[in-house]
Structure formats: C-alpha cells, structure tokens
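These are the structures, in structure tokens.
Heads up, the next two complexes both have chain A, just with different partners, chain B and then chain C.
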Partner chain A sequence: MSADTAAPAALTADAAVVGAGPAGLAAALELARAGLDVLLLDEQAEPGGQYYRRPGPEVLDAVGDHRPEGGRLVARVRAAGVRVLSGHTVWGVDDDRRTLLAASPGGAAVRVRARWVVAATGAYERSVPFPGWQLPGVVTPGLAQHMSAEGVRLGRRAVVAGSGPFLLPVACALLERGVRVVAVAEAGRPYTPGPASLGALRFPARLAELASYAARLARHGVRVHQDTVVARAHGADRVEAVTLTRFSDPERVVARHGVDLLCVGYGFRPQADLPRLLGCAVDRDPATGDTVPRLTPTGRSSVPHVYVVGEAAGAAGAPTALARGRAAALDILASSGRAPDRGERRRLAVHLASLAGFTRLTAALYPAPAELVPALARRLPGPTLVCRCECVTADAVRAAAAAEGGSDVPAVKGGTRAGMGLCQARECGPALEALRAGGPGTGTVPARVPLRPLPLAAVLELADTPGEDV
Partner chain B sequence: MTPRSAARVEVTVDGRPVLVRPGTSVAAALLEQGRWDFRVDPVSGRDRGPYCGMGVCLECEVTVDARPHVRACLERVREGMRIDTAASGEDT
Partner chain C sequence: MNAYDAVIVGAGVLGAATALELAEAGLSVLVLERGAPNREGSGTTAGNLHIQAVHTRRPGQAVPLDSEALLPAQKAADGLWALAEERLDADLEVRRNGGFMVAETAEQRRELRTKHVWERRAGLRTELLDGDAARDALPLLGPTVTAATWCPHDGYANPLKAAPAYLAAARRLGARVEAFTPVTGLERRGPAWRVRTPRGRHDTPVVVNTAGPWISDVSALAGVDMRMSPVAIQMHVTVRERPVLHHLVQHIGEGMSVKQVTAGNLLLGGGWPARRMDLDGRSSAGVAGLTGNVAQAVRILPFLARLRLLRMWAGPLAATPDEMPVIGPVPGREGLYVAGGTYAFTFAPLWGETLARMIRGERPRIDVSAFAPDRLTAPAGDADPAAPAHTEKGTAPC
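Right, the complex of A and B next:
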C-alpha cells in the first residue's frame, strides 16, 4: 500500500475535505498553502473526482491523458502538503455531528476529527426508470465516458439518451472508441431548429464546445432526435434493442434500434447526504426537485464549521466547482484570522457570479428536471422496476403511495422496500419522489447512515452506531 | 504505441487466467472481455452489470481476493488479483 492509503484509526486535522474532485482539490490546495493541516479523503483509487478522473499511468500512456491539467492540480495539492487518503469511503458521522466515520481500502474503521469539514462529494447522474433499465448493457452516460477514457470499447451499436449537454460529448467519446452510435435522443428541444443552430448563436465558449460535438456527430451521420425519450429497453440477459418515443406524445414511436449498449441519463444531482448527516439545513431546488444545502455564496452551511462546495452544492460544471472550492477556502482562512487578499475574494465572487449566469443560460435550454421526471414517472407501465435493487414495481409504489400515509416518502419506502436497497435510493429517488401522491408528509428521500454499504470489519468496530434517518 | 501500452498483467477471473491492461479498473478489465454479468440480483435471480461507473449503484460488486462486495468500477487491477463474479458460483 502506498503512503496515500495507510491510515491510523483516529486522525485529526485543521480541515477535513471529503471528495478529491476539482472542488475538493481547489479547497485543499488553498488551505494547505496558507499553512493549515489538511486531510483529503476520497473513495476512488486516485484523486481527481469525476471531471479529472485518472486511470492508472499505464492507461494514460497507452490511450492518452485528455485532461492533463487534472494531474498537475493533484501534483500541486500533494506538494502543498495535503495528506491525501485515497480509497477511503466516508460512510457516516458520529453522534457529535463532527467526527467523520470512514473505511480504509482494507475495510478498517477510520475516525476523522477536524476544526472544519468541507463536503466536496460531487454529483451523480439523475436516473429515471424505464422498462428494462436493469438489463446489463444499460448504463449511465458517465459510465460510458469513464470506460471510454480507460480505452474500453463498450459495445458495437449504441444509443445515447436522456437530457442535457453531457449526452453529446459522451456520444463522441463512444465514436472515438469505434462504437457505432446510431442515435442520440434528447427529451427537450434545445437544438431547434437543429443541432447546427448552436454554432450560429453567439454563445460563450462552452456552448461553442457543444456545437463542435454536434458537428462531429453530424459528420459521423449520428441522428440527434429531439423531444425523444427511451420508452423501453428490450432483451433477455443483455440489452438487445431500444424503443424511442416522442416525449410530448408517448404513443408515437420515433424509432426502434438494435443495440448492445444503451446510455441514459438526465443530468446530475448533487450528492448532499454528508452535509445532511452533519445537520446542515437543506432546501428543495424548485427547478430540479433536488435537495440542496442552504449556503452562503462562499459555501458556508447553516452549521458554521461545515462548508459544501462543488457539485454537492448544486450541479454547475467543473469551472464552478474549482471556483467554489477556492471561495470556501478563502472564507475559512478569513474566519480563522489568516486574512487573505480582499481583492482576491472580490474577483472570485465576480467570477462565480458570471459562471452562475452561464449555468442558468445552459439550464434554460433543457427541460427542468422537476417537470420532466414526474412526467416520465407517471407514464411508467405497472410492471416496470422502479427500485432496481429491491425489484419493486411502479404498481407497487403507486399502491403504497395511494394508501393512507402514502404522501410520505419514508412511509412508501417502508411499505414497499423501494429505495431501501444497496444504492439507498440514489437511482430511483427522483422517480419515488415523483410517484408519491403529493400533499402533506416528507416529499424527499432522507439521508441515511451508512452512506455506502460497509465492509464487515468497519461495521463490527463501530457496531454501536445505529442507523438513523436525517 | 509506447512499449508500455502493449503490457499486460495476469489476473484470475472466475478461476481462469486472463491477461488484462494494467492501470484499468476491474470493471474495465471485465467489460473488455465482453463480461457484463458481474453479479446476480438476489431478488430476481437475474444478471446485473455495472450501471453508474462511479461507485453509487453497487451493481458492479464482485469478489476480489476473497473480499466480497468490492465495487469493480472503483478498484484497480493488480498482477495476480483474483476476481470472482456471480458466474463463479462463489459470490452469493
């Protein structure tokens, strides 16, 4: 084991940063440079998070490093003296609501106590169930992106579907690996009259980038369907075909394609369970329906020593994640008397505001998840597995939601076991929330300890920590 | 191509020796072999394969060196590693 992964059982630091993506790396760097003792924990094999996800050096040698700036940032973080604990999963918080409970790569329990906690846990992809989504070969666009970056050709014929700007680069990544992408299906109408129209608009650089992906797809003859969603994946033990229908007219079949790979995702959802366990106040984002921590512009939560940065604070892309990480670090330094340059903080605030403007502009092009997800969930055929972990059908969830007390998401979970399986409702959560009747009661899936199923050793060592909904 | 790009390490998948590219995730190594049956869903008895690629869905769990419930998308391959999927009959 490298120095990165050997850890004693109880650790203390000035600041504990959870998540080594762009946001966590930026925060850790700024804090360590100012002389703070910083611990950076991440469950992946190497720092980088999703955007700078780094396969092993052998892979980078063989298939190329498409984000070398990520490697440089990680090197600077190490050089600044940050203690990097890779392969460490933070799964809970002790009763003091301050001590983090983690598991080492070998499964041993690790306790971390710090003056400040920076949650930089990123986002995961928003899934909406459909018949057949549990078949092997049906994956999220992010999986397709990561495996393509590792040099894997995931299939021979693929359809990429869902909503959001991420679908286009993912389709391009698949093409680069020799996968024949037969269609991209976007639920909204962002590219009206056609994908090429993006290029004609005077949009900032990121949209120009999107236009270049659209152009590459056009060159490869990839059809981009708009107002189109996956109605069903077909297959016995693997995905074999997909039926696409109009979003605005579910009876209308757009196409049926034979495929051995189907990538479906509806953008990103903040992974904010850790701040919830730490007692941070949260709100429901009206546009996305996601539960997001209530924060100051510099990422400080309602619990003064807890900061939330990056996508965990709301999906907004890697440049925003970097800026949020730095802004939180400067705020921590200011509150600890190590007054950083005020001009620096002002410039960062202006930069963050302009990035937020761009995020709003992009979001406005695509359907709001808070409307899209319920529309899709409502039309699910009864036998569809809504909860893929516990195999709970749409009919069962609807029946529980219609029963007395069914307007309460925890009651629906308890009654059906939907959302109680391995993924802890991370995949079915949006659909579960959409399928409940509405009205009074808790409308959101609660955060629950443990955040990840635990290696047995860690459970036994901390056996007296009870499961608890927050 | 650099010489390292042609390098392979030997691992055991369900008892059989397999050459894989070093530095990849266990998930990538299995998918490259065309394997999508990582685990069997205990409720339906059907095969499941990796879904999220980032550690949250748990559909990619395999047994690594007798350690059960290892997320293949987060774990790197190592020379001599023993990977057991549901097909080995050992992972339950």
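Right, the complex of A and C next:
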C-alpha cells in the first residue's frame, strides 16, 4: 500500500471519489476508463468498503476471502489508473466548500481539489438504544459479520435481533464460526406469507438467496421470532441474557435467552455528512426518517459538481450501490463532453429502476424505520442510556425535549450533552431525533467538521499546506 | 392579551439572569425567545469568566476595547459568580481556579505591565510573572511564553448550564418562558408597551432587550436605531482528556483562550471569526479559524498537539462599535432597557442585577453610565468617526 499512501499535501484531480466501497469503486472505474484523472480516498487500510472489506494477509491465509469479487473489482480499479489513497480520512471541507480536507495514515494534512466530487461514504448501522445496550458482548450485526468473516468467534451463544433482511446472513455467518445462534428476533413480520411478500416472486434470485439463509437457520434449529424486539440485555460486566418481547405488545415476553453475544441493529442509514458539509440540500426521508441528500436519478446533488452514490444516497444494498456509482460516472462523463454510449446509460437506468423496485418491496416487508424507531424510543425505560459516550439517560433527553415552550435537537444536545461525545451522535442520533416531541426548530443532528476526531497535529500541518494551488 | 410587569426579549444568559432578578423582586415576568432558549450566543460561547483585564483585540477586530474601563465590572461579576451556584441551587460547573494571561513579545510584556497597574488600582489581585516563573507555576506553558499575569479569580462556567439554571430559578418564582416565539412588534400604548408575537400580544410597562445578535432588530421594532452588529465567532473542542489543565489560559496580544472543562474536553476559543454567519439558521465554523486558533494554542500549550479535535461550532454575538458592553435604559423610550455586547457571559449575573435595580429605581452596584446605550442610539454623525459601526470580523469572546 505504501505507493498509494505517500501523498503530497495538495492534490488535484478531475474527480475525487470519497469511499472505496462498491459505489465508489464502480464510479472510479467508469471515470478512469474514460480517461479522467481519478483520486479515490478511503479511510480503511484497504479499498473495498464495508461490503467488500478486504481481509488482511493473515486472515486471507486463515479463512480466505469471503467476497473475492471485491478483490477483482479493486484490481480493475487500480489497473484503470485510479490513484487510490487508502487510510485517508476525509474529515472536512475547506472554507471554499470545494476543497476536501483529509488526513493521511501518518497524520499528514491533504487538500484535494477536483472538478467533481463523488461522495460514496456509505452507511451507518441504525442503532436504537435499549436497557443494557452498553454491555460488552452487545454488538451491531455489521460488526458481528465482519469479525466472523475474519475468522473471529465473538461468543458461544448468540441472539441476533433488530429488523431487516441483513439479520439472516449475519446469523448464518455466526453459525459458520461455530457460534450457537439461539434465535433471530425480527421486529416485523416479513417471513409470514402475505400480500407484500408476493412481490418477491418478481425477484427470484434475491428470493432464493433469502430462502437459502432461512434454510440454513432452520437446519441449525435457529428459531426466528417475528414481531419481536429486544426489551433488555441483562448482565453485570457483560451480557449474560436477553429478554425478547412482542413489538406489538411490549408487555408480552416472547423469550428469555442466556447469551454471551447479542447482535442488534435496525438496518442502515446513509452517511451523508460530507454532502451536507459540501452544501448539498437534504430532505427527511418519510419512510426511514433519515436525512438524505436531494438527488437526481443519476446521483447529482443540488450542488452541481457533487454526486452522492451508494448507501450514502439511501441504503439499498450492494447491487444498487454498484449501479448508482456507474450511473453517476456516466452522468459526469456526459457533462464533461465525453459522450458515453447512450444505450448503456438507458440500460443502467432500467437496471436501477428494477433494483429500486426490489428496495421498495423490501421496505414494504419490514417495518418502516420512521415508525419503528420512535415506537422503540418512546417505550424506553427512563434510566436507559441513550447516549453511551456521555452517559445521558432517556429521562434526561425527554426532560430536555419537553422544555417549556418547545425544544429542538440541537437544544436537547446542548442541554444534556447527548450526542456530544466521541461518536458525535453516530450511534444515538436516530434515537435523539425520535425522542424529540416534534414541534418547531431543527429535528436533525447537524453535520460538523471534523467528520472524525482529528489529531490537532494534523490541523497544525494543514495551516502550513498550500490552499490555493489550483 | 396578557399583562406582565416586564417582558424580556431573548432567553440567553442575560435575559435569564434578568428574569430571575425581576421575578425575585416580585414582578410578573415573561421571557420571549425566537428559538430554543440558550441556543445562540449564550449556548455557543466558551463560558470564560474574564476577571483580570482582557486583551484588547481579537482576530480581525477593528477597534480595541478599553479594558481598563471594564475592570470594576469584572471585579463585581467575580463576586456574583462566586455565589451563583448556591443562589440558583444548581451545578453550573463554575470553576474559579484562576487564570494566566501570557505574553510572547516585548510589546506584549509592556501591555501586561500596564494592565497589571490598572488591576492593582482597581483592587484586583494579580501577579506579574516572568516566563520561567510562569512555567514553574504552569509547566504546560511552552517556551515562547516570556511573561504572564496570574489572576486567582479567572475561571469558567458551563454555558450550557448557566442560562437554563437561571431560567429554571426564574420559573420557580413564577416567570413564564415562551420559546420559538419571536417578537414581531413593539408599540408604545399610553403608559405601556404592547409586545406582539405570532402567538399573542402582551402589555407591559417594561421591555428588556437582551436579544444578543438581534438587539438592533428588536430595537428597530420600537423605532430605535441601535448601532450594534451581529458577528459570528467559533469554538474548537478536543476529545476528553484526564484532568491536566486547571486554569484558564489567555493571550494578551492575540485572541486565545484555552481551558479544560469539567467533562474533560479542552476548549479552544478566542473570538476567531466563523466561516459564515447565518442568523436564520446555524452559523458555520471554518477551517481558517480552526488552523489559526490551533496554531497559537499549541504554541502556548504544546501538549495540545497530541490531542484530537472532536468538534467545532460557531455562534453569534452582538458587537458594539466601540467593543464595549451596553446596558441601561434606551433614551427617549421609557420602560425600554437593553443589555449586551462584550463579555456578556462574564457579566450576566451583574447585568441582570443592574437591570433589575434600574427598573425598580434603585442604584446599581457599580456605575455603568459609561456603558449607557445613548452612545449607540445617537445619530451616526455624532459618533466617533474612528469607530466603525460594523466590525466585519470577530470580536470579543463572551
């Protein structure tokens, strides 16, 4: 990697792609193949993002590569001449709202100026607090999947809970590592045949994929509870048990399992902080409650030189991310005078529309986060920690949100310190937004520089690097 | 239609402190706030308690302030902050552990000596130290520090807690707070003011304008041209660190303040101009202010270089053309009072008390006639031509 990471302090390119997951890789490849000078920045040590997360050499030896197609895509991206800057965290945007600010693995400051910016910054896992979620042994499904893929056995007995199709492959990944998965708890009722699930017949391949996970779980005797959520994780120093209750009837206990591993997540939400810093207009997605950039079908934001692709444009899965990355690239090529094949753009548009159909179907099968998260937040017992970084309870947040005359999310943050800790509301943001009673003022957590905690030494270096070399 | 003895416009720390004083005196009080309480200047400030004489210019500030003239007010504010937590029955994270004002150049050392004389004259206990003595007292200071004054009274309080605690105490005494309720009209009706809002109107003999960056806008509703300018400055904070710095550290020649807040984060400020002021939404902090502030802070306190920046933010404040505070009755508008301007956070308990005494016809604790609003409401032709009505960039940190 060293050839990739030794970077001068100020870089220029035709296009800067931020995030080397499926969408960023696809966009970078398309742009570079058409002759554009492309810079691909990614905070991980290796390109691939979360989906194609590249195993390190020792993991490769021990457990192999669980997504070899990712490795092939990365190889094509490199072969196309894309300059890959791994280990580079894009932490902000300069005062011109055009120049990206990054820190190299060694903490050196890097300024990036490009004619186009493609934000492929991915998604966060959507967490909803519950009593005991701060206990060691409670993790997100995404973390459980990564660790399992790298050969790590996170526990002996696990429950996988939350909502969304992702829970099934995670449960399977744990089984593969020899974890006894006691149960999968799904907040909705997606696996009960009903009018909504009939639509799945239009997507036989995806249906087959889900069916294969379900079959594997059945083979291992994993119980799939529907309409079921985690009410509480029990334990002194780490998780020892979990109580599951009906989502539709919180008083009704479904089961209590002894576990040493609890994976809980409610799908993914776009990581759109960078587009927000770049000045892109955002909207609240009525179905998910997420703050999402306002985009054309090809990913162009309200700031014409900024595109948002992949999960950052709205969580929809890897196939959609790949297609979005390509679509944005073709749009950029068209506007840069390199006329790409019109037929190709049309075929891609049809493909994207078909994928969107599948996303809509999935959304219809599972509970809408915009309703699920507030419902879960409302029933949180008062002493539950909502903000784990700053130890702020649900009661404290509620009291601040109910301030006489009204309150808003920034005021709740200021009044309680919730969301002001190390994670900067990445974990508790959805719950904070949901615990706000509504009414006037800002309902969202603001995007702020730095996007990740940044060594002050890197700030010092920035002061010494040229800002206007373009 | 409701009638109150006093209506306060702005639920920042000044409005909140004034509300408590008036409610305690038995007046019926309404506080109107255009957004959420304590969200603007008062909630975004660094929360310093500036008791020793301050540096006279911050980055980009056009006019130096008269720091000698502020000393009596600083001394009085110190006494009131000492009592604030007990009085409010709240933890405001008040830390009065003292502070250093450092110098690097010969010119700055001269300024330190001058202000040290003023401080002694004002009865404020400060010590003048050379560079080595300063480093003995605070080993975290870097090698470029050649002198410092030490003031045992300097400190800080948590600005996220101060105004809310004042408001809560005022409420306990019957004061009413209406958030998200902008004032849209101020008319004189006989002996009273009629205060209009989208949610109703209120008649009152006394209106207190503590609207911070919106002071001029609110004054204009009453037909008063108050020459103040909103400006936005920014703050920078690191991740939490074990307790290492127990004092406020400032710079005599440059805008800089550094301290470690109770939660453990190191807070860097000094009046650095924000990237953009947005009075309808949130002002945004910029990279220029960040790099400038961090460079000087790391020079003075080199240990900071190994910490990580967690967050930065910007907030607005109200600047006067002469960079001095403003407090008192608005000339020609009976019953209309104003308070704001420089070091509003430090002065909040004092200005709250002062306004309440003025409103009730009592003598303020200290003479504030030098800060009277008439210097800002006089026709512009009478003003000192050297003092521009607008400072474009940063100004005093509160």
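Simple rule for what comes next: the second predicted complex is superposed on the first by the 444 of 470 C-alpha atoms of A that agree within 3 Å, B and C clash if a C-alpha of one lies under 4 Å from a C-alpha of the other, contacts with A are read in each partner's own complex, and residues count from 1 in each chain.
We take it that a residue touches a chain if its C-beta (ideal position, glycine included) is under 8 Å from a C-beta of that chain, and two chains touch if they have at least 3 such contacts.
Since this is a predicted model, take the numbers as computed values, not measurements.
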Practice item. Using the overlay on chain A, decide if chain B and chain C clash or can fit next to each other. Key: fit
Practice item. Could you tell me if A:V350 is touching chain B, chain C, both of them or neither one (first, second, both, neither)? Key: neither
Point to revise | Which superposed partner A:E404 touches (first chain B, second chain C, both, neither) | key: second
Review point. Between chain B (first) and chain C (second), which does A:G92 come into contact with in this model arrangement: first, second, both, or neither?
Key: second
Check your understanding: Given the touch rule stated above, what does A:E125 touch, chain B (first), chain C (second), both, or neither?
Key -> first
Practice item. Name the contact category of A:V449: first (chain B only), second (chain C only), both, or neither. Key: second
**Study point:** Residue contacts on chain A - larger count, chain B or chain C
**Key:** B
Review point. A:L422 contacts which: chain B (first), chain C (second), both, neither?
Key: both
Check your understanding: In the superposed model, how near does chain B get to chain C, counting Cα atoms only, in Å?
Key -> 6
Review point. So which positions on chain A get touched by both chain B and chain C?
Key: 390, 422, 453, 455
Check your understanding: Along chain A, where are the residues that touch chain B in the complex?
Key -> 43-45, 50, 55-63, 87, 107, 124-125, 134, 136-140, 142-147, 150-154, 237-238, 271, 388-391, 422-423, 426-427, 452-453, 455
Review point. For the complex, which residues does chain A have touching chain C?
Key: 92, 94-95, 101, 390, 403-408, 410-411, 414-415, 417, 420-422, 424, 439-442, 446, 448-450, 453-457, 459-460, 462-463
Point to revise | Touch list for chain C against partner chain A, complex | key: 33, 35-39, 43, 160, 164, 171, 177-181, 238-240, 263, 275, 282, 285-288, 290-292, 294-295, 298, 304-313
**Study point:** Of all residues in chain B, those that touch chain A in their complex
**Key:** 1-2, 4-5, 7, 21-25, 27-28, 31-32, 36-38, 41, 43-44, 46-59, 61, 67, 69, 73-76
